[in-house]
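Below: one structure, written as structure tokens.
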Amino acid sequence: MNFETQVRVRYAETDQMRVVYHANYLVWFEVGRVELLRQLGFDYRRMEIEQDVAVVVVEARVRFKAPARYDDVLTIRTRVTHLRRFVLHFGYEVVRATDGALLATGETIHVITNSKMEKRTLPPDCEAALRSAIA
Amino acid sequence: MNFETQVRVRYAETDQMRVVYHANYLVWFEVGRVELLRQLGFDYRRMEIEQDVAVVVVEARVRFKAPARYDDVLTIRTRVTHLRRFVLHFGYEVVRATDGALLATGETIHVITNSKMEKRTLPPDCEAALRSAIA
Amino acid sequence: MNFETQVRVRYAETDQMRVVYHANYLVWFEVGRVELLRQLGFDYRRMEIEQDVAVVVVEARVRFKAPARYDDVLTIRTRVTHLRRFVLHFGYEVVRATDGALLATGETIHVITNSKMEKRTLPPDCEAALRSAIA
Amino acid sequence: MNFETQVRVRYAETDQMRVVYHANYLVWFEVGRVELLRQLGFDYRRMEIEQDVAVVVVEARVRFKAPARYDDVLTIRTRVTHLRRFVLHFGYEVVRATDGALLATGETIHVITNSKMEKRTLPPDCEAALRSAIA
């Protein structure tokens, strides 16, 4: 089950190769995760503040297939791929909106913690929603 | 009284004009401020944590004279220009280290606050050191 | 005549004060300029490539009124304030969308150049459109 | 054979978790690669311009072990792990300089291209130097 959001490439995100600097894909993956949660009915900002939940990145991987360029509109497709106690995996595809070209794929692995970076589980309603989104 | 520190331009800081993206100068100004404090004997990280002091930017201005380019070594020259109660001004010059070319000048204005963003004055020793650095 | 576009604050744009790092406002101003041009019917990406036009920042100024925070939706209001031969001025307001609070104001001054950074004027249709947007 | 360079964490690189935002490690890896080349006698900036060589990232992976924090001095340890025709692999460790704590490890895979993103091999002297650095 894919969740989609769009970003438009900013001038600041390009580099002198005239393509997007590669680290920005990790920023867009984070945008994808937050929008996935929002589409499931969860507000990550409030979860951090009100429920003392943090979704901390412990591993990230990106494969760059074709360059994104300035002003491209990109679709970020995000899916939950694994959830077990305090470990959560997401998968991503970055696609150019105009022609559907696949520009990058990636995965991130996260540990759920409180604000002191101690492991904890997700609030039950959020865990249930993510679990159903895997199927 | 100028305080100097150096940065080398990173690939991530360039844009597709093949020059440094202009917002990065504000990041370097911040590096300049922190190194000025360090050269005066003050550790901004510890001041934030141990003394509940924040130096919040309320205004910033930059004039871009000539482009910085990838891998350039830049000298950031920072000086304190004004300090009165909880208001602090800094001035900056960004100079290319190889030939001394002036690439940018700027100013920032700050308010001293605690971590709740309530105005306060600097710790007396830091205030005295900054005041003597103006002269 | 104000042109509006919206951005949502990304986690990457926050800093350890729990507010947006101030340099990001310059990135959003750039988003505002490009969307102003788009709303007037001009595509800055194509202007760069097909017409050899660059709108180079020579001065930028920002006044920070109140902090933007993670996940805030912000309205960037951009207007053309001055255009004379190869010099172009923009003004900006950054407003929190939920309550209309004014978070920052700013101005940028630009020189129109070709890709070799030699001064030139804008294409006549774009110049006329910007001129009419000042009124 | 490890090559080392140091960076100091900038305020801009932190996020509201009070740690470094994870995408910045990819920026530091790039700093590590360029300094590795410099220590071997090669200037990446000149290679791009004078020899039409680009070292394009096609895959990146990072494992985050412990957070880097504002003002930390970090040692970036970079090594060449594989070179075959136009494919080049690097490995990285990010270590806190004060106590040697391992904060992150990573790998990047690159394709050597010209400025049109067509595959090519490295200049022979650079290829020989990188090959000897693997051993």
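Labels A, B, C and D are assigned to the chains in the order they are written; within every chain, residues are numbered from 1.
One rule holds in what follows: a contact is a pair of C-beta atoms (placed from the backbone, for glycine too) under 8 Å apart; a residue touches a chain by one contact, two chains touch by 3 or more.
Computed from a predicted structure; not experimentally measured.
The chain with its Cα centre farthest from the Cα centre of subunit D is C. Counting the residue numbers used at the interface between subunit B and subunit C, over half appear in both copies, so the two copies meet with largely the same residues. Centroids built from CA atoms put subunit C at 24 Å from subunit B.
Separating the centre of subunit B from that of subunit D, both taken as means of CA atoms, is a distance of 27 Å.
Here the CA centre of subunit A is 33 Å from the CA centre of subunit B.
Each of the following residues of subunit C touches two or more other chains: 11-12, 17, 23, 27, 70. Those residues of subunit A whose C-beta lies close enough to touch subunit D in the complex are 17, 22-24, 26-27, 54, 56-64, 67, 115, 117.
Contacts from subunit C toward subunit A in the complex involve residues 10-12, 27, 30-31, 34, 43-45, 69-71. Subunit B meets subunit A in the complex at residues 11-12, 14-19, 21, 23, 70.
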